[in-house]
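Below is one structure. I have some questions about it.
Labels A, B, C and D are assigned to the chains in the order they are written; within every chain, residues are numbered from 1.
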Amino acid sequence: MTDEELRKAVLTALASVAPELDEAALAPGKSFRDQLDIDSMDFLNYVIALHEALRIEIPEADQRHLTTINDAVAYLRRRLSQPTGS
Amino acid sequence: MPEFRMPSLGADMEAGILVEWLKKPGERVSRGDVIAVVETQKGAIEIEVFQPGTIERQMVQPGQKVAVGAPMALIRGEGEAAGAAPAPAAPAAPIPAPPAALGPAAGRVSPAARRRATELGLDLAGLLGSGPGGAVGLADVEAAAARRTQPAAAMREVIGAAMARSKREIPHYYLGHTVDLEPALLWLEAENLKRPVAERMLYGVLLLKAVALALHEYPEFNGVWSGGRFQPSEQINPGVAVSLRQGGLIAPSINGADRLTLPQLMAALRDLVRRARVGGLRSSELSDSTITVTSLGEQGSESVYPVIYPPQVAIVGFGAVATRPWVVDGAIAPRRVIVSSLAADHRVSDGHRGARFLAAITARLREPDRL
Amino acid sequence: MAPGGKTHLDRGHLLFLLKEMLRIRRFEERCAELYSAGKIRGFLHLYIGEEANAVGVMQAIGVDDAVVSTYREHGHALARGIAARALMAEMYGKVEGVSRGRGGSMHVFDAGARFYGGNAIVGGGLPLAVGLALADRMRGLARVTVCIFGEGAAAEGAFHESLNLAALWKLPVLFVCENNRYAMGTAIEREQSQIDLVRHAESYGIKSEAVDGMDVVAVEVAARRATAAVRDAGAPYFLENRTYRFRAHSMYDPELYRSKAEVEEWKQRDPISKLDAWLRDAGFLHPDDLRRIEDEIAAEIDDAAAFAEAGRWEPVEDLARDVVAPPPAPRRDAAA
Amino acid sequence: MSATSYREAVRAALRDALARDPRVFLMGEDVGRYGGSYACSKGLLDEFGPERIRDTPLSEAGFVGAGIGAALGGMRPIVEIMTVNFSLLALDQIVNNAATIRHMSGGQFNIPLVIRMATGAGRQLAAQHSHSFEGWYAHVPGIRVVAPATLDDARGMLWTAIEDPNPVVIFEHATLYNLEGDLPEGAGAVDIDRARVRRAGRDVSLIAYGGSLHKAMTAADRLSAEGVEAEVIDLRSLRPIDDATIMASVRKTHRAVVVDEGWRTGSLAAEVSARITEQAFYDLDAPVARVCTEEVPIPYPKHLEDAALPQPEKIVTSTKALMGSHA
């Protein structure tokens, strides 16, 4: 997957919990938890959405790598290039 | 023959507008079946039937505004003869007039409002009028349009009315208690490690379950104030305050939370939050709560001083999880703690019992594996 | 013939008077026929029997003077010089009519002839005449306004107000009351406490006289005397022309209010027959002359009717035309 | 700017017109020696002489008709009828002659005549001297009808009316003659075609004219204190009615209250209301309301007269009723 495709996937997962999301207004390097008022339930649903879309397991400890668009793309690129742990 | 009547979906609801019937005449319905969708100030809500039987006749049509308690349909019970209703000409009967209580202007829409609604593609059927004589005016249409994109406005009114009533009528008392959450969180983290992402749990579930279980010992916090007295509830149905993305909040209940396992409770909570945020709550989920649990920890507030949602008599709040120096076994150690709080109705309970109720919640959280 | 001054009773003038009266009579007879044929509609008040008054009075005024008349004004208009074509076209309601067809029989207006209606509210024209004369007075113009009305108007407040004003302000108005004895169907004895109308005018200090309205020469003589007095004194004058209409008030009425015998009696005094007989007796009128006059009149009226028939209807899009005049120039905005 | 009164503004306008055009003259009952029933022409007799400041007998039909005749005869008469109540005696001349002659002469004759009259109630003059028949006159095509409600208009409408080739009836509300205010030194002619927004607002349009304008303004002040911003429209011209200004306001505010001292039935307010429903129906957010005089001959006692007439309180009440729960 290209970075652009990954970015799309992250935004899609995010939009499932924050439908009013305006991509243009989102700073890609900053935590969207504050920008989009994402609470832990939203965040969990976002992670689950990523998990379902990309079919990768995301350990709880790794969730902190998913809080900005840029971090998430980088993390997912890394994860997808490794053989899946499952 | 029993009548199906417009249910009261909240303390401030006076009427609802029938959006659609989901069951047709002649169809069998069981207790709990969703029979219709009704538009309220809170949004479209599915309403259930509690009377098993067969729908004999629908008495109101979509678009009609129906006062709380007004009959909407006739339901023929098991073994009851068809046509027992004294309405042989029923199918040809004209649509009943709206209840007189709605006033002469009910259903009136100003020309400007009608045009604006057309422009906005807004369905006028759901609107309550604030114009002269209760007619729907331009402002009502604009407000409805704003609500559509920002439901907060109408909800704010509902919350405001309920909270004002609460503060006016309920003599609140408040208690706070700091809970050492370290054991519970450690247990949860270990548990989550074993679980695939879709089955992970949030610590809020532990809090909810602890409250539900503690209510077994303190039933005076579980129930409603009705008819001038407290009516305890057999069922433990904690309402969970869910903040909505557009603002406002709603507190649907998880019925029988005390009997659900943590994973079941987590699933129920996830489902509830999702449905609360996209719409699609059931009427009973909004009217069945026997107590409310609210958590504002995510926003960093250390403690919450909540307001009771009438007709309930208590609300339990949780603040943020914070790491604090804590004395453990005579030595100071960093521990993650949380402040629990209780607002309760003095007409029903006293601070003494309230303090013990909070202590019981704390005790449950100390033994997470037993939750 | 010069306005005012003495009447010159030569043959030519007498034949002219005869012809003028005949023109009016034949014109109106044709109008009655065209009314019956549906070409003319609305009210049509015929002047037949009263022609001596219009013809006699009009001899006394000049082109600068003004005429204010009533709804029984075809005779006045023709005698004043308004073309039969334009008058007939007005009867038809055609654009070519003297009032562009907007007025019809009752509302003949002609700026060129200074002919100010065609006023169909009884008594309504008298104040207008007072105002026209007031304007002349204020503008220093030595003109006379002739104001013609019936005896029915003498019972209206406007009659008394106007006579009072004209006398009070000494305005050059010649009031000509054509007393045909019936205010529509009400005989003068049944509507006036003082049937000698001259005395009403005299009570305002207005010089007044009664004249035989069935005698064109008598009317002309009196009218010349009256206009001369108006010009000389710069004050109003009042003529009561005692006359009679031979036909109904409007086109048709059952004439329950007067006897056939009375009508027949007055017809013996027909001003046209009377002048015709007098001219024959005096040897002024040869039968060929009368035939020629009648032929000329018939040709004129045929022409007028054909002209009216061929006239145009105003487009309905112009309905609101001439309700108000456009304002003169852009105005300063008060908010500016 | 200089302090002046409505009466003085009318007088200044008369003096100006008499000085500017020798065809202009003033005619009416007691306009000369007496100085005008409302003292509008006081002093003009000395200045312009008895020919041009012409006292008339009590002959309304006579002198109004004479005014029409004089206009036909090339003059520019200003006829003062002492009050609208007496104008009924001249109604025939105004309606049957002034209004019709241009049309029924096929456009041959204009009637450049100005008729001024005092109108309205409010001074305990009882039933025969308190009429408001502006609406009757405004009913008639062929005349123009204006109602100056301000000093500017009292000063400026007359000259424009005199220049107009049509008969213009000017209604001066009798309670306005003592109205005081400032008038610019160079104040002069103003249009007589358009309504004017006297106060801008967003919530409701109060449409008034003449004496009622000031009641509407008072009501607007009170409404503002309660959070309702009323736009006040001064009709100024009652025929023709300036639909554009009215509709622009109603399209903005979506609500209208028409204030009219005439009786409600068949009133000018009815006309304005009908036009709004014809032209701005889909902009309305509430029914058009009217505040008119009660259907009773105006009584003599002050409390009853007050109760009969439109008042600021009634305007406020009617407006609030239109606002529903928004006020």
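Everything below uses one rule, namely that a residue touches a chain if its C-beta (ideal position, glycine included) is under 8 Å from a C-beta of that chain, and two chains touch if they have at least 3 such contacts.
As the structure is a prediction and not an experimental result, all values here were calculated from the model.
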| item | value |
| --- | --- |
| Most central chain, judged by mean C-alpha position against the global CA mean | D |
| Pair of chains joined by more contacts [C-beta pairs], B-D or A-B | B-D |
| Interchain centroid distance [CA atoms averaged], subunit A/subunit B, Å | 31 |
| Centre-to-centre distance between subunit D and subunit B (centres being mean Cα positions), rounded to whole Å | 62 |
| Euclidean distance of C-alpha centroids - subunit A vs subunit C, Å | 103 |
| Whole-Å gap between the CA centroids of subunit C and subunit D | 39 |
| Contact graph of the chains (line, ring, star, complete, other) | line |
| In contact (per the touch rule at the top): chain pairs | A-B, B-D, C-D |
| Residues of subunit D defined as touching subunit C within the complex | 25, 51, 56-57, 59, 61-75, 77, 89, 92-93, 96-97, 101-110, 141-142, 144, 152-153, 156, 160, 163-166, 188-194, 196 |
| Residues of subunit B touching subunit D in the complex | 110-115, 129-135, 137-139 |
| Complex interface listing, subunit A residues touching subunit B | 18-20, 37, 39-41, 44-45, 47-48, 51-52, 57-60 |
| For the subunit B and subunit A complex, residues of the former touching the latter | 189, 192-193, 196-198, 200, 202, 204, 243, 245-246, 269-270, 273-274, 298 |
| Complex interface listing, subunit C residues touching subunit D | 66, 68, 97-103, 107, 109-111, 116-119, 121, 124, 126-136, 138-139, 157-158, 161-162, 164-165, 168, 321-329, 331-335 |
